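There are two complexes below, and they share chain A, which is joined by chain B in the first and by chain C in the second.
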Partner chain A sequence: MTIALEAPAIDIRSLTKSYGTSVAVNNLSVAIPKGSIFGLLGTNGAGKTTTFKCILGLAQLTSGQVVFGGNPLRPEMFESISYMPEQPALYSCFTGRDHIDIARHSFARFDVARVQNLVALFGLDLRKKVRTLSKGQQSALALTLAFATRPEILVLDEPASGLDPVHQRNVLDLMIDAAAGGATVLFSSHQIGQVERAADHVAILHRGNLVLQGLVEDLKAEEKIVEATFEGDAPSFTELDRNPNVRRVMRQGRLVRAYVTGTGDGVVAAITAASPTSMRILDQNLEDIFLAAVGGK
Partner chain B sequence: MPAIFTVDPHTGVPIYLQLIEQVKRSVALGVLAPGERLPTVKQLATDLTINPNTVARAYRDLERDGVIETSVGRGSFVSQNGAGDRAAAALADVASSTVDAAVREAKSMGLKRGQVREIFSKALERWYSPDGDAKEHNRS
Partner chain C sequence: MYYKEWLRVRRGLIVFVIMLGVLLSLHFILIPLMDQSSNTHFVIGTGGHSAAHAAPAKAPPDNHFPLSVFFAIAGVVAAIYAGIYGGSLSEENDGHLALAWTKPVSRTRYALITMGVDLAFIAAIFALTVFFAAAITAQHGALGDLTVDRDAWFNLARFLLLAAAWFGVAQALTASLKERSGTVRGVSVAIAAILLGLGAATLPPAWSALVRFVNYFNPLAYGSYSDTQTQLLYPFATWGLNLAALAAIAALGVTLALVQWRRLEA
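Take a look at the complex of A and B:
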């Protein structure tokens, strides 16, 4: 168990962001502990990018607040915060070298030796202008700039998009290395496998609402499927709908499947009492948990 | 030190539990000797590309179970006294629940007691030498 002895690196309190009548993020409260890698999952349009923009003051909150280590965002904090937007903010007619020169003069923490390592890691050709770089190389350049200052907080919107599998793994390793050194990483990804590997915390957004959050490891330990088959049609098990540990029950012919959180003992007992021909308890990986949370399957 | 552990992050089994079981297995089988140093949290997290807090959680639980000891600044080591026995006992628990689950599964498939017993006899014959316990792999 993580014991929160210090203020969260990022504390999002009742964040709401509306564009006209459309609510992009609805009353989101999430605490991101220092030293954690926090994965934000959601389908397209779930509100991930809007959340990032609101956190960093790039979009005005409709209501709520965001607090960093107990303090509101101040300009001097940007020295120690790196943000990589979904579309990397690069100048198309400048070279990679130009970008590094600009960043070096802008950030006191800029680490030239580290840049050399990152450039070698991603195999970047710094002489090329950004507009001649592939999507993946542009991402790699943006990541190089993001990690070069050894920031205390990294906010990365789809950091691995466009990268080949080797460089995707490199990005995860960079995040892990940063977190092991005490930095806090908040990132979004459509690749659940990346979150499952690198993140300790996860939050799932769906249409602007927070539908699930917690430690990845605890969610896996808690979320189970109890599956049973019967000789004839499966009983209706209406009593399971009232059980707070049952997320939903799926019945199809002889098969019944209960999505259970926490202890499934009551569910197992109820199903056993109906004399099933078979019963098993299935683990769920993060993809299963995600799909169940957003109602995909 | 090469990564002697492997994890599968994409199953429903929490990674820290996978790590705990593997460390206990390595200690019980003598792959990790008493007093031997374990990789640091950062090193193991990087080697396996998994979250450092997840590794730290596994190490905390292993420490609580007396399998490893951690001293600040020196790192984590396999306990000198009784770590092997404790790890072996823990592994016996794992084996027991695995067998239990297998029997439950077999029952749920409608197999009769005698059929399950036959399956077990065959598995025992296949994996254990006929000379009995004396020649079986002995943990030291």
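Take a look at the complex of A and C:
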């Protein structure tokens, strides 16, 4: 673990975004370190895409502030910031080649050799019009455009959406490679296994609120599962609901599983008092942490 | 930065040139056949109106026609294209803002580049139409009958500005729309034509004043052409004011479109 002394690549300060009376993102504060791969997790409608749009100035903030390396976003900074939206915003009447040429004329940092590699990697046929491409091919073209300038900051909304497993792995490798080269990657994904594999930091949004954030390794070390089996149906353990270190308790027949923060000593004691036939303490994976964070107790 | 706009209008130019080429070819093929079979002549009269009629073998004594006719025809064609390309910001708003607004230029500059390329394209359509009209005239050996009328250069400016004004109106009406931009632009043509008709109708004084006022902002009100009754047809009494009004409508439309564009969200 490194201690970052420089300004975060993206510093989101008390970001709130409302649409009428509906609050899409509520008072979100997250600092995304330079060179990190930061996964933003959340269920559908959690506010991930809205957060990305607010960060990049595509939607106006209701309140709060977003700064990049200590500076507010300016249009010329998009020379080194790339965005891949969840729905590729490509022009259906243009070919892949047209899109590449448009990017080449728009960005001074455009890297022709890099694009050739990416086109080969994804097996893109640039002669085809976008309207004839599959969802996966459109995503691959949008990814090619996003990585074409070797940007310092990549914001990728569901980058692997629609891609086959081979290209999903390619996307992860591209993100890891970009971060190894000093770029900062902020991305969202519903595939938690991918996030766990690529991200070093995560934040979990639930109904517009930040419910958990931190280094993946720290979160996994802090979060435990206390799992116990009973002879008959598992007791209800209502006292665990009042324990602030318990994120969620799941009962299923003879099995009870408590998702806890910290050592879980109090939980172990409470369950032991009910005389289980067996009990064990497990490390949580990111999926467990996510489900515990958004699922309630 | 304007490469995408260039790609868009390049396609429009290619289609337009092909269309003119086909029309010109048909003209070259069909007109001699028609001449042989029915002795029909195209005669462009002194009133600036084109007409086809069966004529006796002897030509009319005066076949001169003003250059302004070309500009009027080109103005109509350019205005049609202005109506079509006046939805360019709306098209960006229909799912492409995430791509458009993550380029290293401001929103305002992006929109101005888009509309600037559109306007250059519309001017090119105007010029091509004038060229096409001249080619047809030359085919009939009538180019020598062309006269540079007194108001030709005013009419050139007027019909170019009319297309620009219609472009501004279309952008102002549609810049914040994602869908139905084409419907709005189509309906706006009908409303402008109705307003023009109402302006010529006999109405109660209050209604007449209202229609007259609204027509100051209606580009079509500046688009009539006759070489015998010039000033009376337009909202203002002088050429300068009419040209200034058209330029103001264009500028106002573009400004309103920009204001909407800057306030959009992806």
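Here is the rule we go by: the second predicted complex is superposed on the first by the 251 of 297 C-alpha atoms of A that agree within 3 Å, B and C clash if a C-alpha of one lies under 4 Å from a C-alpha of the other, contacts with A are read in each partner's own complex, and residues count from 1 in each chain.
FYI, contacts are C-beta pairs under 8 Å (C-beta built on N, C-alpha and C of every residue); 3 or more make two chains touch, one makes a residue touch a chain.
None of the values given here were measured: they were computed from a predicted structure.
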item	value
Joint occupancy of chain A by chain B and chain C, clash or fit	fit
Partner chain in contact with A:77 - chain B first, chain C second, else both or neither	second
Inter-chain angle, chain B to chain C through the CA centre of chain A, in degrees rounded to a multiple of 10	150
More chain A residues in contact [chain B versus chain C]	B
Touched partner set for A:193, first chain B, second chain C, both or neither	first
First (chain B), second (chain C), both or neither touched by A:111	neither
Partner chain in contact with A:53 - chain B first, chain C second, else both or neither	second
Gap in Å between nearest CA atoms once chain C and chain B share a frame through chain A	27
Interfacial residue positions of chain C with respect to chain A in the complex	1-4, 7, 11, 95-107, 109, 265-266
Chain B partner contacts - residues on chain A that touch it in the complex	2, 35-37, 169, 172-173, 176-177, 179-181, 193, 196-200, 216-218, 220-221, 223-224, 276-280, 282-288
Chain B to chain A touching residues, read off their complex	9-17, 41-42, 45-46, 49-54, 57, 105, 108-110
Chain C contact footprint on chain A (complex, rising order)	53, 56-60, 75-79, 81-83, 85, 87, 89-91, 93-94, 98, 101-102, 104-108
